[in-house]
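Think of it as A, B and C in the order they're written, each chain with its own count starting at 1.
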């Protein structure tokens, strides 16, 4: 599919970019609200992360003397790379603003670039905590990448295309029954696990505690402050949005045909995913770190089973 | 229907008869210049620095000529073959500069220039009087031999150049032969390279038998049985695999690369290994069709090699050994691309061939550039801080900021992250693998896309490893005296590194620049009858370049905004907060082994790390020590036990080795007598002798 | 071609071989080897039949080298090593001589079975060559002192030279010079080794070299 055929009008891309830029903090708010209600509390307002970001961007920054430019580059590259990856991922039934053969690799590797600089920024502080978080983050990411790519392989095989937009729209065509449909189901489940892993949610990581034994992502950004920390939080929420939108193509693989209804469906779907994540976080406890690789390998195996179903 | 051999020979004949171009002559001249670069130094004495300047000048001059010729041929100049007389009438030397050769020549000359510039300060003659001249001499010979291997167009010239290359590399590796580990590394390297050369001798002998001559021309399609082609393939795989460092024939690599001087390691990793890849690619142009299953086998071998290399790299805490294992990983990726191309040939899918081969070839270039850069940067670290041990470095990003930035470029490139060049070649391979799963309904190749997730895992582990390496070496606190006293390296070393960083950035941000050359080589490799699609049609480079530009622009924009913000409200500088720890020390920071521990434990079944520590149980705390190491599997668990059992089995024959010269001579005489008896009809001679004696003896006739 | 003179000289060479095998005095050994060298230097003139500048010069060079220079160097090495006699070899002097005689007979038998060119069939060149080579071998394997082994090597080279006489017409003189040069270098190196062996081990007995084995 040539890349210049995917810009039929200007409305969809503008809406896409707006959602990409503005919606992510709301998702985090929904997750926190869900967890609070499940615990019997009122919880923070839904728009809390927006307030936090505003506050952080107005604050001063404290930098450690040990750090170099890498410390400041971490959040910057993290946000930029993730936002650019967002241009490649389709939202709901709509095409992504950019779609070309091979963009699935670019999507994954932009996330990888973000991870490289975030982890390097963590090591820059010279602290044992951040180093530990960085070590865990890169170790688990290596397994999560496998699951993600096996999922991509299944989608490529089913859709016959090498671009994210047609790949993810393939389940919506309704052409798959029997074994391929089972494959899609397995891939969907695995992608949910990958979402939890890549976004540092329970059972892989606990975003709320500050105990060294239980932190991965939280601890990597311990020394960031002010605008840099704001960029970190924002980048994390955008990443959650992207993975949720990937997942939605498996969870809600249908389209109404009318743009307004489809955007509404997408919005509802995002909220549903956020609530689901909140529920999972409230119901489960964190896995012991030694068992996280097993979880991720299980996700890869599920996708591999899906792949073998598509071979049949 | 013309066979590939006929078409190729006709086209070569046409091209050779049209014009006598200068490109091959330029290449030969470049060869001679670089070979002679170290010779003036021998005459100029060991205390003068003049010789190293002269050597660098000669290498640069040769490199310019060579690059010119290579780029001309890549751009479409005619292919020319030159025949030189050899020792026997059947063994003449043929030289040819065709697109495949020209492609491999480009990194050869670029890296040699970077290395020689680097060496003027890294291995300054006045600081290394005893081995500086030898180093420069063999450096020039190595570069010339690398070019000669690529220009050779028949088996005899190829083998001669191959041996010279191997020996020159051996002398370079053992340049500091006063150290025991250097001698050991050189010895293992020598054994491995000669084992490979032995296989190559067998390969060319068999090729001569099947093809009728040693010249590199494609075999006729009927020539050679299935068994012969498979045997040829296995010999080529073993012979070239030893040189390229394909697992399990890689065991010489880590020690040799770690113990050689850094610019030599850059050359070895960037170029020497690629000659194995070049040999394999050239070999496949000789076969009419690859044996069945070879493509998938190569993909499997490549994937395994890549995973092995990167997992082992995680366990290393010697900076250069770590880089050496990453070379094994990247060679694995290159072999994956080659395998994909072979699958495409077998499946008759020109798109897969183009993608796989282009990925393989571009990764050859990319790896030469970024691995060369990384080795030079590692050498700078050693020069600046005095040690190779990662856990004794740290915080070098402040005093050695330029080296740190260049190492960062190399690290991002080798992880295959956009916007640098590693991403482009890996993208080609990924798209090819995915297409093998999407195009074509045949189930035969459907397992190929499973290599893509494994490649992704390799990429993510490479990210882990290079975050570890970069983070522990350049970031964080100083972990030792040497790190605290580190200083930036001189300008010529920086220039050499920048020279290698430039192609990394250029090819990464503007991949279209490399596509014409790749297209030309792919067309040349495939032969005239198949028309692989152009790479620009297979992958849309424009949006990718757009994304790269957007990435760079976005990062710059955000950085500018933040910069303005920080100028208005200057950040406060304080110690690391670290959750409130008041007195952090360097010993508390995360070291490289701690960083890698999670992964090393996860892969412990493969790595089998060994820990050694002395537990002291006295009343008062005293100095303890603890060390871990990841042994090289093949050497320690396969070869060493084999060697020991070999020695034990052959021990009875040691009785023959008593050291007495006289008896050794008797062995020679005995062998001669046995040969005479076996080859000569002794009894007839005796009968005739007795008859002759009876006729009067010597004077009987007179 | 003067066959009978050539054959006579070759018989002389054969007798010198036996003498070499039978003596234990090193000076005598050197003299015998020198004499053999002189004889062989003259052989090409006899076989060619004519004396022109080329062959004459070579003959002169060979005679001087093999008759004077090399024996001179060996005598100097002998003086520095301060030995006079060879140790009794493993199998005794007389048995060695008998072995040498047997080797000569065998080489004559062997040579008569070879398909030689007609002009060489009545010459003793091939038997003499094999016999000398085997004599050299015997000297090398049965003697213990390094000097005697050097002389054994000399005799071996003489044997090869005799064989080369067969190809006198075909072989350009460069090859002969090459052979002599090779010999020269070999003697040179062995002299040095003898000098150093003596210094390191305080003995020229090559059996002591066995202690160098791994």
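Note that in this section contacts are C-beta pairs under 8 Å (C-beta built on N, C-alpha and C of every residue); 3 or more make two chains touch, one makes a residue touch a chain.
Quick caveat: nothing in here was measured; it's all calculated off a predicted structure.
Once CA atoms are averaged chain by chain and compared with the all-protein CA average, the nearest chain turns out to be B. Of all chains, the one whose CA centroid is most distant from that of chain A is C. With centres defined as mean CA coordinates, chain B is found 38 Å away from chain A. Rounded to whole angstrom, the centroid-to-centroid distance between chain B and chain C, based on C-alpha atoms, equals 53 Å.
Centres computed as Cα averages put chain A at a distance of 89 Å from chain C.
Counting partners per residue, chain B has no residue that reaches two or more other chains. Annotation for chain A: no residues touch two or more other chains.
Multi-chain contact residues of chain C (touching two or more other chains): none found.
Within the complex formed with chain A, the residues of chain B that make contact are 394-395, 397-398, 401, 404, 408, 411-412, 415-418, 423, 426-427, 430-431, 434-435, 437-438, 443, 446, 449-450, 452-457, 459-461, 463-464, 466-468, 470-472, 474-477, 538-540, 542-544, 546-547, 550-551, 554-555, 558-559, 562, 565-566, 569, 571-579, 581, 584, 586, 588-590, 594-599, 602.
Considering their complex, residues 3-4, 7, 108-110, 112-113, 122, 124, 137, 140-144, 149, 206-207, 209-214 of chain C touch chain B.
Contacts from chain B toward chain C in the complex involve residues 657-663, 665-666, 669, 676, 680-682, 684-686, 688-689, 692, 698, 701-702.
Of all residues in chain A, those touching chain B in their complex are 2-3, 60-68, 70, 72-73, 76-77, 79-81, 83-84, 87, 98, 100-106, 108-110, 112-113, 115-116, 119-120, 122-132, 134-136, 138-139, 141-150, 152-153, 156-157, 159-162, 210, 212, 222-223, 226-228, 231, 289, 293, 300, 304, 307, 311.
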